[in-house]
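One chain, chain A, links the two complexes that follow: it is found with chain B in the first and with chain C in the second.
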Partner chain A sequence: MMKSVRIRVFRYNPAHDASARYDEFEVEAERWTTVLDALLYIKAHKDHSIALRYSCRMASCGSCGMVINGIPRLACYTKIYELDSDVITCKPLTNFPIIRDLATDFSAFFAKHKSMKPYIINDAVDRVDGREFLQKPEEVEKYLQFSYCIKCGLCYAACPTVATDKRFPGPQALAQMYRYLIDSRDSATDERLGIVDDRHGVWRCHFAGSCSMVCPKGVDPALGIQLLRAYLLGIGRDNKIVAELYSKEPPK
Partner chain B sequence: MMVRESSIMRIHYYTGLAAIILVAIHILFRLTVPEGYSASLEYENVIANYKNISYALVLELILITVAVHGFNGLRVILLELRQGDVWESTVKWLCIAGAVGIIAYGTRTIILASMV
Partner chain C sequence: MKENREGIKGWLNPTRYGANRFAYWLQRLTGLGLLVYFIAHVIETSNIVYGRSAWEKMLAFTQTSEGHIVLIVVIGMCAFHAANGVRLYIAEHGKGIGRPGRPEYPYKPASLGLGMKACIWVSVALAALAMMYGAYVLFGEV
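Entry: the complex of A and B
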């Protein structure tokens, strides 16, 4: 069954426009039509000057985030039918500078992610003789959900602290910090804690929980932040045991 | 000297919790006056509180915990409101000065009242 919906697209070019406006387009939607499908249809047939970012169309690359009917969502992962509305308003992600229309600038977001050293740090790692760390399933459990993050920035857009504190790393970066902190292969515990135990760091989360509400990948960044905080307060330290490289014979 | 934010926030939570308990004790003591709550707020009864050393100590502790917690809470709010090195160090020192000032002034009041 086809449904006709009105798509309102935020239009703004900071280089030329004094203020933003909304352009409206009528689109026919099928049960499976996503907001991204509709926007690409508009771009192909009605107004190709609309700027938006996308790539995978399957909730994997994290590039099509935008505010759809008031909530940060992935355009490719949001079906028009599920919005249950005849009017669909697409705005750029909040808390990100606007490049043009729906395309936003992720530089600060990625820089904050990078400042968390999102990689395993362990001096014991010896690449030459090919030894490796063994991880038990319960050790993988501790960080697995956080490793599903696709850096889409929806949580960052939803966070009320990010909205007022531009030095706050945000839920994505802090959850990644916990992901590496609690990984038994990582031994840079003190260095990691030093990075987030800062006046604009992990303590500036007030547990609004909006980050976890909007995450399209089932990550619970608010949980990661609380666990990171608890770790700093000395709770759950026994959650982290740095693995040892096993030599030759795997343990029985 | 850099004080870790975790140490400050640990103090923030402890003083917040301590304030709840101490203020509860303070309110419950108003009910111990036989003539009732409003009588407990009369001049003689209030002054008598300050002459009881352990009760004066409770009042002093409320003063310290609420001042430390309150000014640190204010610091947190102001740090989130605006960022910048000058702003942040101004906020820090004003909040320290505020807490020290209030504690000093309140302690003076407690001592004076106990000597009436």
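Entry: the complex of A and C
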């Protein structure tokens, strides 16, 4: 069954426009039509000048994040029928500078992610020689959920603290900090805690939970942030034992 | 490039992201309300330096119906802010928010589970009960 919906698309080019406007397009939607499908249809048949970013079309790359009917969502992961509305408004992600129309600049977001040192820090890594770190399944469970992050920026757009504090790293970066902190292969605990133990750092989160509500991959950044705070408060510190390299020679 | 930061208006709409965002909004609102009350309270009690009559004039306001309503709202703000504050304190100690696990579709965030939601509504209920008791005591005297 098809239904006709009106798509309102945010239009703004900082190089030319004094203010933003909305362009409206009528689109026929099937039960399986996603917002991205509709936008690409508009781009192909009605107005090719709309700027938006997308790639995989299957909620894996995290490129097509935008505010759809007031909530940050992935356009490829949002079916028009699920929105239960005849009018769909697409705006660029909030808290991200606008490049043009629905395309936003992720430079500050990625810089904050990078500042968390999102990699394993361990002196033993230099001596790996084909050997592996030993990890128990329960040690993997502690960080696996947070490693599903696709860096789509939806949590960053929904966060009320990011909305007002430029120095706050945001839910994505803080959850990634916990992901590496709690990884038993990582030994830079104090160095990591020093990065986020700041009044503009992990303590600025007020647990509004919006980040976890909008996460399309079930990462639950709010959980990671609360656990990071608990770790800073000394809870669970004794449970972390840095993994050792497997001592046997690899099979030849 | 246009900044596009949501700013304080991002705090103002409590309806978009579920119970936790509502609790966040109410915690901010009650915190600001209590701050205003605290400042007004300091100003009110400092009236004593202008003599007994000025003090009694201010005190007389709290005996009016309008004064009672203000005090009942303050009681409600105190009760919610305290109860929800305890919830946040427990959460930031890593308790009551679930544990990390393998995400399975449809994803339901553990940190926003039934326990936390129940605590939010209990905080609201406690505030309502405290306000009702306050109203009973204050208006019961009239």
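Convention: the second predicted complex is superposed on the first by the 244 of 252 C-alpha atoms of A that agree within 3 Å, B and C clash if a C-alpha of one lies under 4 Å from a C-alpha of the other, contacts with A are read in each partner's own complex, and residues count from 1 in each chain.
Basically, contacts are C-beta pairs under 8 Å (C-beta built on N, C-alpha and C of every residue); 3 or more make two chains touch, one makes a residue touch a chain.
What you are looking at is a predicted structure, and each value in this text was computed from that prediction instead of being measured.
Visitor: Scan A:208 for contacts with chain B and chain C and give back first, second, both or neither.
Guide: Touch status of A:208: second partner only.
Visitor: Touching A:233, do we find chain B (first), chain C (second), both, or neither?
Guide: After superposition on chain A, A:233 lies in contact with both partners, chain B and chain C.
Visitor: Which partner chains sit in contact with A:132 here, chain B, chain C, both or neither? Use first/second/both/neither.
Guide: Neither partner.
Visitor: By the touch definition at the top of the document, which applies to A:244: first (chain B), second (chain C), both, or neither?
Guide: A:244: touches no partner chain.
Visitor: After lining up the shared chain so the two structures overlap, which partner does A:71 touch, if you call chain B first and chain C second: first, second, both or neither?
Guide: second
Visitor: Go through the superposed model and pick first if A:164 touches only chain B, second if only chain C, both, or neither.
Guide: both
Visitor: First (chain B), second (chain C), both or neither: which does A:24 touch?
Guide: So A:24 meets neither chain B nor chain C here.
Visitor: Go through the superposed model and pick first if A:86 touches only chain B, second if only chain C, both, or neither.
Guide: After superposition on chain A, A:86 lies in contact with neither partner.
Visitor: For A:14, using the defined touch cut-off, is the partner it touches chain B, chain C, both, or neither? Pick first, second, both or neither.
Guide: second
Visitor: Overlap of the chain B and chain C footprints on chain A, residue-wise?
Guide: 164, 166, 233
Visitor: So in the complex, the part of chain A that touches chain B is made up of which residues?
Guide: Chain A reaches chain B through residues 161, 164-168, 197-201, 203-204, 232-233.
Visitor: For the complex, which residues does chain B have touching chain A?
Guide: Listed in rising order, the residues of chain B that touch chain A are 4-6, 9-10, 76, 79-81, 83, 88.
Visitor: Help me check something: in the complex, which residues belonging to chain A touch chain C?
Guide: Interface residues on the chain A side: 12, 14, 70-71, 92-99, 104-105, 141-146, 148, 158, 160, 162-164, 166, 206-210, 212-220, 222-224, 226-227, 229-231, 233, 235-236.
Visitor: Which positions of chain C touch chain A when the two form their complex?
Guide: 1-8, 10-11, 16-21, 24, 27-28, 88, 91-95, 97-98, 100-105, 107-112, 116
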